[in-house]
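Consider the two complexes below, in which chain A is the common component and chain B and chain C are the respective partners.
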Partner chain A sequence: MIKQNKKTISYYVLLVVLLFNALVAVFPFVYMAVMSLTQKDMLDLDFSNTTFSFINYFKVIDGFNLLVNLRNSIIVTVSSCLLNAIICSMAAYAFAKKEFPFRDKIFGLYLATLMIPGQVTMIPVFVIIKNLGLMNTYPALILPIINAFGVFLIRQFMVSVPDDLLDAARIDGCGENRIFISIVIPLVKPVLVSLTIFTFITSWNDFLWPLIIASKPAMKTLTLAIASLKGSYSTNYGLVMAGSTFAFLPPFILYIFLQKQFVEGIALSGTKG
Partner chain B sequence: MQRTLPLPKKRTMIIAFLPPLLIFAFVFIFPLIFSLRYSFTDWKGGLSTQFIGFDNYKELLFDSNFWNSLKNTVTVTVLVVIGQVGLGFIIAVFLVNKYVAWRNVHRTLIFLPVVLSPVVVGLIWTIVYNKRNGFLNLFLSNLGIQNIPLWLSDPSIVLYSVSIPIIWQFIGLYMIMFLGSLENIPKSILESADIDGASTYQRSIKIMLPMIYPTFKVAMMLCISGTLKIFDQIFVLTGGGPGQSSMTMSLYNYRVSFDMMRFSYGSALSIAMIIITLLITGFSLRVLGGKRYE
Partner chain C sequence: MKNRNDAVMGYLYILPSFILICVFAIIPIFMNVYYSFTQFNVIQSAQWIGLENYSRMLKDPYIVASLKNTFVFTLITVPLQSILALLLAAVLAGQFRNKMGEAIKSAMFIPVIASAVLVGTLWSIFLEPNGLMNTILSFFHIPTINWLGGKTSSLLSVSMATVWKNVGYFLVIYYAGIMDIPKELYEASQVDGASKIQQFFHITVPSLSSVTYLIVTLGTIWSFQIFDMVFTMTNGGPGMSTVTLVLTIYNAAFKSFNMGYAASIALVMFVIVIVLQALQRKFLGEGRDDK
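Up next, the complex of A and B:
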């Protein structure tokens, strides 16, 4: 490979290969964004006679009420992130720091559910939701996002919080709630951030579950709504790409700002898994 | 574990445990039991339900569409595992070199598709693959290539065409996982390999790969179990078509359950899917678990 501080030919070859990789990774998105600004029906890269405008965005957002779908997506994503963080950290605290009968057996059961693929529970959960009259509601979209992965992830971190620290707080007269909120939660904050990013990606990008549960156009999430653009505008590529860009922007912007946390969150779940 | 902490009050325990346990039971345990129960009935979403024993499972044994979907799923999984884990490893080996310029830029860009919605990815690639005036075909015909295949409508190649966007989207995920462990390999080991005159290939396959084998194993298992339930991209790209030629198990299950409303047969399919998934992942774990590198 490359020796220290010596820029050989292989260095430049490597750089070109890597740049090519990065280009392949990004090009389709650039292509999407550029196409969304044109009215072309040829999908090539010859833009000599084209005018760029945002007209596709106005058309698709008005014509398809995408703002309603955006609102749905935001409500669903924010609530599932909050709920997942709260419920998982509470359960994880009990599993990590409380002693009670059958603790490890219950935790084992919890983990076992991670093995069950979502498709297996899809029909029964759909039936339960339907019988509860929750079809086309936010709770139906939010509740199934919660899963044992978060409990597992946070518990791994809470175990390493020293018991002495909690005992010291108890001696100082700290109540259980206070210990949990003011001592344990701040200590596991990095992993909570990772979990929240994970929940955000899962929830925002979720497709199969909303497809089943949200049949009314007004309850569709953004991801679901743009998938139906393909059928409606199969030849108007500019409109489909404008819709895609619109759905692409929120995760993209977050990724740009929270890049480090995104990458850490993924690496964490990879190496701990 | 030593008992230094007092047992919490009953009330605290109930408050702490009730909500997660309820949701847990609601989302996982009941459904699993219900799924089993439905699979022994002829329920179609209406009021009448009859217990029909193993009839659904008998039907499944002779359902050529199901076996076809299993074959497609396995094909896609093999392609995707080779593509994602393989390319992810190669790029990570390139990137781990400290003297590469703009490492963070490469990392950020290659990771970008991972965070985005598979639906958006599917839509973009539909347009890239478009047969009359898609970008790919125009590009190839400008290169002077004749007889460009119909990427998404030719049954003999459609499985390859749908695998490419899936591979492309998640290379970054595996690259990041490998990069994390490659950076932890002690410098002295790599230096002594250099002194002994190891080539780049030997260095990567004979030293780096064994050193990060635990991560490699996790990556393989994540990739296999994730791809066995692939749905979104293929739903958007082809919807399982043309005919049944890109139908995967999840897609077929969705069609049976929610297009034909055959919940009972869909449940039997789900149970079959779990068993198949467990068999495949169990087998892979066995193959990977050998102490070859330890």
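Up next, the complex of A and C:
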């Protein structure tokens, strides 16, 4: 066989096909961003008589109180990422490195809960939240996001931390909590990053749960708020697009900077099933 | 001494997650089973009515429509997104292991990070009768299509938008799977004079069987849970042509405040999802190497 260094015709044909697919994936977002700068009431590709400005952003942010929604989204997302990482790695450490009665049974129970889709339990969880008087509160938006997936994921990495390392630290007089914080946690940092990105996207994009639990406008998250934009502004496309772009920017900017971790973190959910 | 300390520490470390999992997953499942046998509107306490919710379900046209739509939606999206993702991943991993390929992969992942609400909103605007899609099609002299207004086309449109959002995700998983296939297999078959297309069908596809099962079952479970997209694009309409299981659960529980009935539908959905996951485990039991 002759080594194919030259790019053949088929390479260029495939390249065109791939580029077309990439264009189809990206174009709606580009169009959204461009439209958000215009006052057009027609959805076409004719921008010849259009003036571009940021006025829609000011209008939609003021008129729809999007800054309140942004604040809610940030509070909910950051807290759920932090809590999920802390609570799950604690449990993962116990399941991986501690001996206690019923350990494997309890872990099996954790795994079993992974098979329960959130939509199946949303009615009782709603009733519980209501009875606890937590409707329209941050804890109601944050706490149900934490689930056993993180425990399962981190545990797999903690199992491979050598026991000798932990014993050596114990001999040096290191307390149990310090072993966990200063030795085990740094060793599983990559998986914590992946889990956090996964939690971030799940929590930022979450819709059904906030829809049920946050009925007060002041408690709505950004994703919840933009769902009602279209109903309120119907044909004022510029405003809808400005609001949508505004909601998309935070995850998009993070994606630009942390591309590799994003792809890994989100692909991890494949193991959740 | 050490063992007792270990046990106490173990319990303390799992305590926070244990409480949350009990309150938000384990107890609710039992509550849901109980509610499914009751009439319950949250304000008054639940009244036991036996199997009434279940017999009502059999006669409810919404249930029939949501089951049918959810199945049709799954049958459209899962094969389409899996095949598309496989083909794109094979091409990318085969001839585009370069900057260009990376850029294309990154671009195709963008719809994955966007919320389904955003994607649904965008597509519902693009698919309006005088929307972008029809404008673009008119360049090719294709007559205007009422994408979201027709009974058949609305379900197709929601499926299309879903595939558009999901392809990048499955592409990444397939791509990683192809990277794990030993290079020697391809080199040996090249010596035997196999073409790229033969290699694809005789090496790539069989080597990826466990990945394919993962992608198919994961896609199926996602499709069964479809809500955000229909909520923002059609809200079930026109008529009942795009109502889905979760949408019907939501409407029964939070529009009609018939929590008991909603719980019974949720339980039926749970059983379906459990069966799907059992199938997943059956097929993935062996070939799957957990990371």
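The rule we apply is simple: the second predicted complex is superposed on the first by the 262 of 273 C-alpha atoms of A that agree within 3 Å, B and C clash if a C-alpha of one lies under 4 Å from a C-alpha of the other, contacts with A are read in each partner's own complex, and residues count from 1 in each chain.
Simple rule for what comes next: a contact is a pair of C-beta atoms (placed from the backbone, for glycine too) under 8 Å apart; a residue touches a chain by one contact, two chains touch by 3 or more.
Predicted model, so just to flag it, every value in this text is computed and none were measured.
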item	value
Fit-or-clash call for chain B and chain C when the two complexes are aligned on chain A	clash
First (chain B), second (chain C), both or neither touched by A:Q156	second
Which superposed partner A:P251 touches (first chain B, second chain C, both, neither)	both
Touching partner for A:I226 - first (chain B), second (chain C), both, neither	both
Chain B versus chain C as contact partner of A:Q39, first or second or both or neither	neither
First (chain B), second (chain C), both or neither touched by A:S79	neither
Contacts of A:V127 with chain B and chain C, given as first, second, both or neither	both
Set of chain A residues, in rising order, touched by both chain B and chain C	1, 11, 14-15, 17-19, 21-22, 24-26, 28-29, 31-32, 42-45, 87-88, 90-91, 93-94, 98-100, 110, 113, 115-117, 119-128, 143-144, 146-148, 151, 176, 201, 204-205, 207-208, 212, 223-224, 226-227, 229-230, 237, 240, 244, 247-248, 251-252, 255, 259, 262-263, 266-267, 270-271, 273
Chain B to chain A touching residues, read off their complex	1, 3-5, 7-8, 12-13, 16-17, 19-20, 23-24, 26-32, 34-35, 38, 91, 94-95, 97, 99-101, 105-128, 130, 133-135, 138-139, 168, 171-173, 176-177, 180-181, 194, 200, 203, 215, 218-219, 222, 225, 228-229, 231-232, 235-236, 249-250, 253-254, 257-258, 263, 266-267, 270-271, 273-274, 277-278
Residues on chain A engaged by chain C in the complex (per definition of touch)	1, 11, 14-15, 17-19, 21-22, 24-26, 28-29, 31-32, 42-45, 87-88, 90-91, 93-95, 98-101, 103, 106, 109-110, 113, 115-117, 119-128, 130, 143-144, 146-148, 151, 156, 176, 180, 201, 204-205, 207-208, 212, 223-224, 226-227, 229-230, 237, 240, 244, 247-248, 251-252, 255, 259, 262-263, 266-267, 270-271, 273
Residue numbers on chain C that touch chain A, as the complex places them	3, 5-11, 13-14, 16-18, 20-21, 23-29, 31-32, 35, 42, 88, 91-92, 95-96, 100-101, 103-104, 106-118, 121-126, 128, 130-132, 135-136, 164, 167-169, 172-173, 176, 190-191, 214, 217-218, 221, 224-225, 227-228, 231-232, 246, 249-250, 253-254, 259, 262-263, 266-267, 269-270, 273-274, 277, 280, 290-291
Sites on chain A touched by chain B in the complex	1-2, 4-5, 7, 11, 14-15, 17-19, 21-22, 24-26, 28-29, 31-32, 35, 41-45, 87-88, 90-91, 93-94, 97-100, 110, 113, 115-128, 143-144, 146-148, 151, 163, 166-167, 176, 201, 204-205, 207-208, 212, 223-224, 226-227, 229-230, 237, 240-241, 243-244, 247-248, 251-252, 254-255, 259, 262-263, 266-267, 270-271, 273
